[in-house]
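Should a chain be cited, it is by its letter among A, B, C, D and E, assigned in written order, with residues numbered from 1 in that chain.
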């Protein structure tokens, strides 16, 4: 299939990035890590549920890494990822059971409340969490090897690339599967979902757990790259940012999650470098321009530029596996 | 002594709750009508405060009667609400009412970022302060403790005035009815002759004025610093959600609950003070998923 | 009174109506029939200004397209949508009165129009204090009809008003609508219906819509 | 090594966020200083070029930017940062990146006490003397107090500074009862509940190491409601709020300056260089310098001094960064207070200025009177020792220390 | 549980009572549906017909009374549990997944019925696809199968809504005014094929209807609703000729 080919070419191109532009490696790693979290938001957006608290899972991922690397000096990266999936999966399940009762703005708010509670605890429990300064994350080993900072950057790049690619494929599959499609059904008509014999709550819960794990992965990887777990990770504006990026990229599009993150981070860093103390201004203006000009997000823009048919009104059939 | 503490906590909570209500009520009004959770509300609050401080300092510096700072607060709030709120609505929101609610929300988030930045560019980063209204009203002594009359008398009174005015406006005026109708179904409202875009405009501006008014009234008691908007907005989210979105009276009550709970926390267990609003929100929503006063009356099938 | 000429209409850039031309004179009752999806609803919504359209639309000689959608009801056009669209936060009575309130009609005028509504739909008197969010499918239809009657001094647009009504009621309303012209001889009515039988009794003309175009336009012999 | 075309300095400072009350003036200072240095030909003929990073943009952004500056833009020296939280994260990063980093303002004593760094230095004092000096001053001037309450911002600095203060207080005055420990949220907008509670408790002393808007708000609300008549305020960071607070501060509150600098520094105020700097700064920004400005001055002074020293040691040739790092230990330099020096652990030794608020006709705000300037050594944990352990070993009377007193 | 009893009702309501504030929407409803029956419910607007269906499917909880399906009490269970017991429902106001195509709507119904939740298998690749396309054909909606449900005209929506219920292969199908809004030119054709399909699959049905022609043609029994009570039940010929019913419901 053509799409698969494009995806493969893109993956290959990315894999060669360190050779072409080594100074972009860390940036690209962070974009991909954050993109994973955005992917998590995207899953819930399918059901039209906007969480203003998913940064809590992002933070959970980062703190998992911080605690574990502090406790075991040579813990392995793989183990960290597995532990994060477990922690955020369970947290997602526990919180999910509660929050999936809510819809719309209340869903957003209740998530916000949870994340703010976590944020406050992270800030307050100074002796455990390092308070507002957060915790350092030490470099873990990978398969027993230890790395210097610059080697580690490269390792992280490939690890994140692999994780992101795998998640794209899996999430793409999930969204096209009946349960993934049911998310959309929950969005438009929950009554009918119930009357087909399916519990809307469990549809959402599945999505919620998956999205929590994706945010957790994003968080742990981001934390490892930056060597930092900070309560800021759980602050509401972070969650809002993730939602923002998801919509910016193009709702419902896996490629959009990463494209959105790329543009967001790129605008942010170049704004910061270009004109200091105006990154928020520049970012805000850019985002408004995109929303007004291409409400379907970057993906729509891309389709438009590529002369393809606008897909925003017909997101139905295609959702772009691992674009 | 415990009785005393309770009374003190109530008094402190009351002042805080009044401010919280003023800000949250605008948020809930805008949400109730436009269905937009206006994240920029926090910035309007902050800018209202800065404008008030600037105007107030000028008035004082020019040697005007210090009592003039009271009308000054209202002038500044209305100016900010009408100008900024009006601009935001006309230039941005107008274009996106028909779009996905998520997009609307994000536009307000973008506006929030822009305003935060602009505010820093205009007023800089040094804290501002304008306490004249506080000083002219003086203190009152209650239970052996000095309170500022501004906080224990003026603010609650202002909140009550706003509450009742708004209530009357929505319940008993033509405009109020139109607002409620547009909220529910824009096309159907247009079909009976309601100018929906005017209603949206008015509502947004009114909501924005309340945000700015909240900021204006907060000015005498707080230092204006960058980032004050971001903190206020989450709190008013919590108030509005606890009440049930769009619930005016509800916002008053939940502001009161949250305000009082917070000041009790300061006395009894300062550690949990910051978590209090969210804890209350979670607990309330646990029992009443649509908030304290939110209700689901619409029959779907 | 209402004249459409070469009107095309689209929703979200999807063209739906093509080349619609017809006129409705004062006191005329026109039935709009057609299969599902023919475009009847879209046609009424176009007159109300809820679609993107091209071509010419005149109402009492003036260009209707130049009038903002929210001002059209003020011209005396009442519209009862197919899917009811009541304001659930208000009671039934408030729903019916709201158009008058918005138009700032005087008290006596409002009262007389309300009388007219009750004349056609006596059931609404009893339903009055109920919240509009709770009524049954058929009751909702009645309320929508009543609300449209409040404003329609010149033109009344009814989208399948009898759908889901018990047959006795449907018959009674059809008759009542017929009588309406006795009270208000200049009122024109456009009514869509997928059951042409019901309309025979009082529609003076039947326009058949097929796939977004007018298929036929013929006057009926009045039976009664 | 050949002389580079320019010496690139990366500076992290708050341009946004609450701490920009320190960051923005410091930035102005940095720009002013760079202009001055370049006007006289730069450092050994090499002009300096500044690159700023906003600490307020959040740690993540900051770390990214920091790396970008060092790795892509080739910074020679980094000045980072204001916040202890940021320093905590920057220090290991700088070490990894092998770039000279001056912690130019952050207070946490832990970084250099807990780990050994080759590239990380601090060009001013740390939290320990900054907190102990006001305590010593309090013990000397108002020894009669029996109860104390603390109102600190709820973040690392507020917690850490209280920890140090409390440990030291306990060793000196075990009889003093701490009646309330309040940690309102960082950036809290309203302290009325705290003020009410303090009124009810009536502690003899109220300590607050808060700063910026938080301190301003707290002081104003406390003042308005008459808390000053009841309790003695000890505000180790209030020097930075004096100009904003006008007459909201009472007379006689104990204030500190996080080091030995003050625009009315009793030993320096008649010094032409000092006056010139203050006047230039005032002309440029409309304000008198506050401590963060002087901290920036110290960082630049250390920079100039260490390059001079390393160049001399290198036989007049431009030094490698390793040579710079080596030259740091034992470096002596002169900011706008008393002379400073760098210990072998990279920590600067800086005197501490503490005093009481008082009124003056010359300024429309409170000034510091009854100043004492404390020598740093007795207030600092020796190299290799952690402050809290060191304080834990305090004998009673350990802090009966006097600084150099000044009448006015 | 005991074995299947020939005479056991598929669906049974006993003494259902429900009031909304002052309005009595059900006032002691007793009704049983036996295998092979096609029961028509007629009555004036607001009589409580939809309410009855809502109670039977668990959407509303009665104040009193009980509902059982195949002898098992289900009062108060949520709709999904009742649906899984073989009671499907079509709605007075169509309930569709508006942002998905008609076919996707159907496929979703099909896969929910099969309860296969492989997270990695595409919805449009599920085994039941042919069957779903057939059902769409049956209700005359094959032509719109790739349109988004939101774009359908009202009449088609009602038909798709019925198809969704059929996709569940229910034992009992409850339909609320199945063809109101469907153009008269089409409605008899659709109803004819639909009822034939039901008979063929041995599905019993309850349908609320205002069109007496339909009732005459397809009902095996008629129940007349009025103000929350069942006024009478019986053979269509009898009920439809009852003078009371003619006066209150049918008209002339």
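Note that in this section a residue touches a chain if its C-beta (ideal position, glycine included) is under 8 Å from a C-beta of that chain, and two chains touch if they have at least 3 such contacts.
Listed by chain with UniProt protein names: A, B = Branched-chain amino acid ABC transporter permease; C, E = ABC transporter ATP-binding protein.
The structure presented is a predicted model; accordingly, all values stated were derived computationally and were not measured.
Trainee: Going chain by chain, each one touching the next, work out the least steps from chain C to chain D.
Mentor: Each step joins two touching chains, and the minimum needed here is 2.
Trainee: Suppose chain centres are the mean of their C-alpha atoms. Which chain sits farthest from chain C?
Mentor: Following the centroid criterion, the farthest chain would be D.
Trainee: Report the inter-chain centroid distance for chain B and chain C in whole angstrom, where each centroid is the mean of the CA atoms.
Mentor: 43
Trainee: Based only on mean CA positions, could you tell me how far chain B sits from chain D in angstrom?
Mentor: 37
Trainee: Let me have the rounded angstrom distance from the C-alpha centre of chain A over to the C-alpha centre of chain B, please.
Mentor: Chain centres of chain A and chain B, defined by C-alpha means, are spaced 32 Å apart.
Trainee: Rounded to a whole Å, what is the gap between the Cα centroids of chain A and chain C?
Mentor: Comparing mean C-alpha positions, chain C is 50 Å from chain A.
Trainee: Find every residue in chain C that makes contact with two or more other chains and list them.
Mentor: Residues 134-135 of chain C each touch two or more of the other chains.
Trainee: Please output the residue numbers of chain A that touch at least 2 other chains, ranges allowed.
Mentor: 123-124, 191, 277, 279-280
Trainee: Hunt down the residues of chain D that sit against at least two other chains at once, touch-wise.
Mentor: Within chain D, residues 15-16, 154, 185 contact more than one other chain.
Trainee: Give the list of chain A residues in touch with chain E in this complex.
Mentor: So the residues of chain A touching chain E come out as 170, 173-174, 176-182, 184-185, 187-189, 191-192, 194-199, 314-317.
Trainee: In the complex formed with chain D, which residues of chain B make contact?
Mentor: That would be residues 4-5, 8-9, 11-13, 15-16, 19, 120, 124-127, 129, 131, 134-135, 139, 144-148, 151, 218, 221-228, 231-232, 262-263, 266-267, 270-271, 273-274 of chain B.
Trainee: Taking the complex as given, what residues does chain E use to touch chain C?
Mentor: Touching chain C from chain E are residues 20, 23, 42-46, 49-51, 92-93, 144, 151-156, 176-177, 180-187, 210-212, 247-252.
Trainee: What residues on chain A touch chain B, complex-wise?
Mentor: 45, 48, 50, 52, 98, 101-102, 105-106, 108-110, 112-114, 116-117, 120-121, 123-124, 191, 236-237, 240, 243-244, 247-248, 251, 277-281, 283-285, 287-288, 291-292, 295
Trainee: Going by the contact rule at the top, pick out the chain A residues touching chain D in the complex.
Mentor: Against chain D, the touching part of chain A is residues 23, 26-27, 30, 123-124, 126, 130-134, 136, 148-149, 222, 226-228, 230, 232, 268-269, 272-273, 276-277, 279-280.
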